[in-house]
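Sharing a structure, written as structure tokens. Questions coming.
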């Protein structure tokens, strides 16, 4: 049994990715928490942005990867791609949930509310629901092959839907509420921008690193399953022959 | 017509980590009827479902009438009929409508007369206008047989074709198989009752440990009472 | 008629014959919708005025849940005697099966909506505008969107263990744009607003319909074929 | 113990205006095994379901072990087991849990050892901890048989007990029936295969036109190939 | 323990083991409820203030529909391999079976409600009163009512062809009193009103529970027995 070549590549590069993530995040956090001035309006609270915004960006990036990977899987039907998709989906769901959570923590002091039906929040919530649906399908379907196919179909449909959802929610919002509370139009001072960029890169690298680990895990799990089957087979054969 | 009707090479199928089929090889020529034996859980149904394009093998590949089972599925589907455990009958349509619909999906348009003939041949002509919801198990099976007759497939995949049929039904089924064979059709039939299958069988095999061992026709009709089913019987 | 259209027509025929014979899908959908309305009006203790404000919303919540019942049934009915297997083995392209089922589902949902609308008008005392044709356009565009995605998802969930609940769970987030657009456009049409005011919503619906019919048409292959 | 285990008088059953059973009379003593034959749609399953308290007869009445089938249903239910087409097995419980639950409902509490013995006896002991969702048809049937063994009923109602079983399973089933009989149990068995039933059969009958005609054991094993099923066969 | 209680415990055990193994009923109920909330807030374009007025109503509409999913599954799960037939042939009184199933259904519904409530609090920005124990009383009384009637009706509809839709159609009109009382009592408990203000509603719920448990207990015989 040879290890899949994708896995070998992953194993070669994962150290670099992990190191890069650690570096970027350290620098970013230093710049964000200590090296930048507090916001004129929001004061120190603004620092949660350095987590919140990169998390949200990375989650979206993850979803893009998921859709691409799913299309690729349907074309090639290589189980390793499916393992990757499964891993991306779980991580994206986590990052989305964390973005929402940090957003809520930010929203309480800033807007004095945990939640508002803002366009971006709402479409992210819908995204989270789609991802959870995806994960649920994967647990409910026993047949691995079927789970992979169904998941891929869902991911692609959701990806196509995402922009439509976003626009519809935005129009709906503008129709119903004056923009008293909105995340739009906050011009980010250039002093705040640098740490934000570094943090975003770092968060994406962290995502990639976790993705590499998790893909390997799922892949090895699958190998183990196959191995178990083969051992069982050999065991029974030997018993039958004796 | 090509000389091989069905050929399977190294077919394998795993459910999770159960390797149900391991290395199944089989080549059938037109006019052959292959009887598939094997203990409960051996993978007979699984093998038939793979051939019927209902499941994908996890290893190996197969061809029917020269068409690849993985890539030419749409073309291949018009050449076989799979008579499964379930009868594929809509309970709220009557027998006639069921036949018309099923054949329309195959691109065929049997006349009312054809349909009547087929129903008569399986002896349920008198129930042609009755919703199949009220059919008994055996009557539904007969309807499925009538559908198969009308479809005139070149390949017949039969999963325990004699269950639910009484002796009269069994005879009809056997006659029909014989007729297909003499018409150069090919039949694979999974069954637990080699005696019933014997009159039409030309070759037989036994699934064990996930592989197919061809057996002589004589030995297959001898019953092997008293053998234990062990995990190694069911899963190879 | 091409074989392609013929197959679609046969699938439609089969579903319609069964429905005409049992008359249960449409009847139960209508009935269910009525009860949803009933429960809403108790739970939200609505007077006529309040009801008027949320009428469009109520209409579409009722339609969506009702539609889901029809969608679920359209494939779970194929489970009797494993008829779905027979469809899977049919020598026609999966896209044909998809369009046949979409047509049948659209027909059922649309009929139910046409039957239900007068009840809303009566129960909530709506002043109906004279011109209902625009409303029909809204209804059909939105229903087409629900049917296009819904049919795919109904096929996808039919073999899943918790199918009754997985269908809404997967479908509803996906059709959020349809719901929003349908509610807003229906509001406009009911108020007799000038078309220009809610035209963008109609366009959104049209785009959704086209995009998702095409995508689902392709994807159906992967859902139905092993 | 009373001398009649089962007695049916003038049992009739109509579905809507289909009179499936018309006038069924049957009296069985302890230790007898009655094999119920008849063409598809004759009403064999219907008769068994009536005896199993799953359906009510539309005419006539019956007794089991002196208890009236209409009024003493609760008491009666602890004395028989009905082994139906479907296996009454929860797909998401494993074999052990399935047995424990089913017997708990009968007020029995088998030890782990009992359960293990029963599973071993039907040769699926190796799969005791596997969800039955992944069992094949025959394995589920074996599990149902193990459940029956543990329940130790005085009356056994069997609907096509040999279907889905391979020759090994068939032998186990037959052994068990024999054992029950020698233990003064009573068995009614519907089947299409009198040969398989023959070794344990003490009496046999054929359902036709909704009535039960007792037939001699010899004649019942002769197959009547080529007979047509006509409406009058199935519905009286 | 009497055989009576033992049987009830075994049925509860069986349902819980299956749930723990598949974890799908509760997860899907929670998920479904979330999506219902989402769709409501779009369709009724609720801002926080409007939402606050109808919060109790929304909670109970969501709970009722979610509960119906659990109820439906509790008997449709018995259809696999015709297990329901085995229950019908079990030599225990039908009432025992009924109580076992009611216990299991109550457990599932209650757990789901406990999981969902915090989400309502967050999404609609509710100021939670300190004392939640009264709310728990309201929840459990109303849930018991839903489970008592719902279990009977789930058994009644399980063999009907259009079962998914027949259950809500039959059940919802029947539990209108539960819904009204639950909404009003929940409003009171959420506002921190003095108990005396909404005590009559609690009494109504209690009476409903007792009456319908007893009646259903007797009626179950006719539903389950041929």
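When the chains are written out, they are named A, B, C, D and E in that same order, and each has its own residue count from 1.
Convention: a residue touches a chain if its C-beta (ideal position, glycine included) is under 8 Å from a C-beta of that chain, and two chains touch if they have at least 3 such contacts.
This structure is a prediction, so every number in the text was calculated from the model and none was measured.
Contact with subunit A and subunit B alike is made by C.
Least step count on the touch graph, subunit B to subunit C: 1. Note on connectivity: the fewest chain-to-chain touch steps from subunit B to subunit E number 2. Rotation relating subunit C to subunit E, from a C-alpha superposition: 180°, rounded in steps of 5.
The greatest centre-to-centre distance from subunit A, using averaged C-alpha positions, is reached by D. Just to note, of A-C and A-E, the chains joined by more C-beta pairs in contact are A-C. The most distant chain from subunit E is B, comparing centres defined as mean Cα coordinates. Per-chain Cα centroids separate subunit A from subunit E by 35 Å.
Centroids of subunit A and subunit D (each the mean of its C-alpha atoms) stand 56 Å apart. Annotation: 28 Å between the Cα-based centres of subunit B and subunit D. Once the centre of each chain is set as its mean CA position, subunit D and subunit E turn out to be 38 Å apart. Residue numbers of subunit E whose C-beta contacts span two or more other chains: 22, 24, 28, 31, 35, 38, 42, 45.
Among the residues of subunit A, those touching two or more other chains are numbered 126, 129, 133, 136, 140, 142, 145, 172. Those residues of subunit D in touch with two or more other chains do not exist in this structure. Those chain pairs judged to touch are A-B, A-C, A-E, B-C, B-D, C-E, D-E. Of all the residues in subunit E, the ones that touch subunit D in their complex are 3, 6-7, 10, 13-14, 17-18, 21-22, 80-83, 85-93, 225-226. Contacts from subunit B toward subunit A in the complex involve residues 14-19, 22, 56, 209-210, 230-233, 235-236. Residue ranges of subunit D in contact with subunit B, taken from their complex: 15, 18, 38-42, 45, 85, 123-124, 126-127, 134-139, 141-142, 160, 163-171, 192-193, 223-231, 234.
Residues of subunit C that touch subunit A in their complex: 149, 152, 156, 159-162, 166, 169-170, 173-174, 176-177, 180-181, 184, 200-201, 204, 207-208, 211-212, 215-216, 219, 222-223, 226.
Listed in rising order, the residues of subunit A touching subunit C in the complex are 74, 126, 129-130, 133, 136-137, 140-141, 145-146, 149-150, 152-154, 156-158, 160-161, 164-165, 167-169, 171-172, 175.
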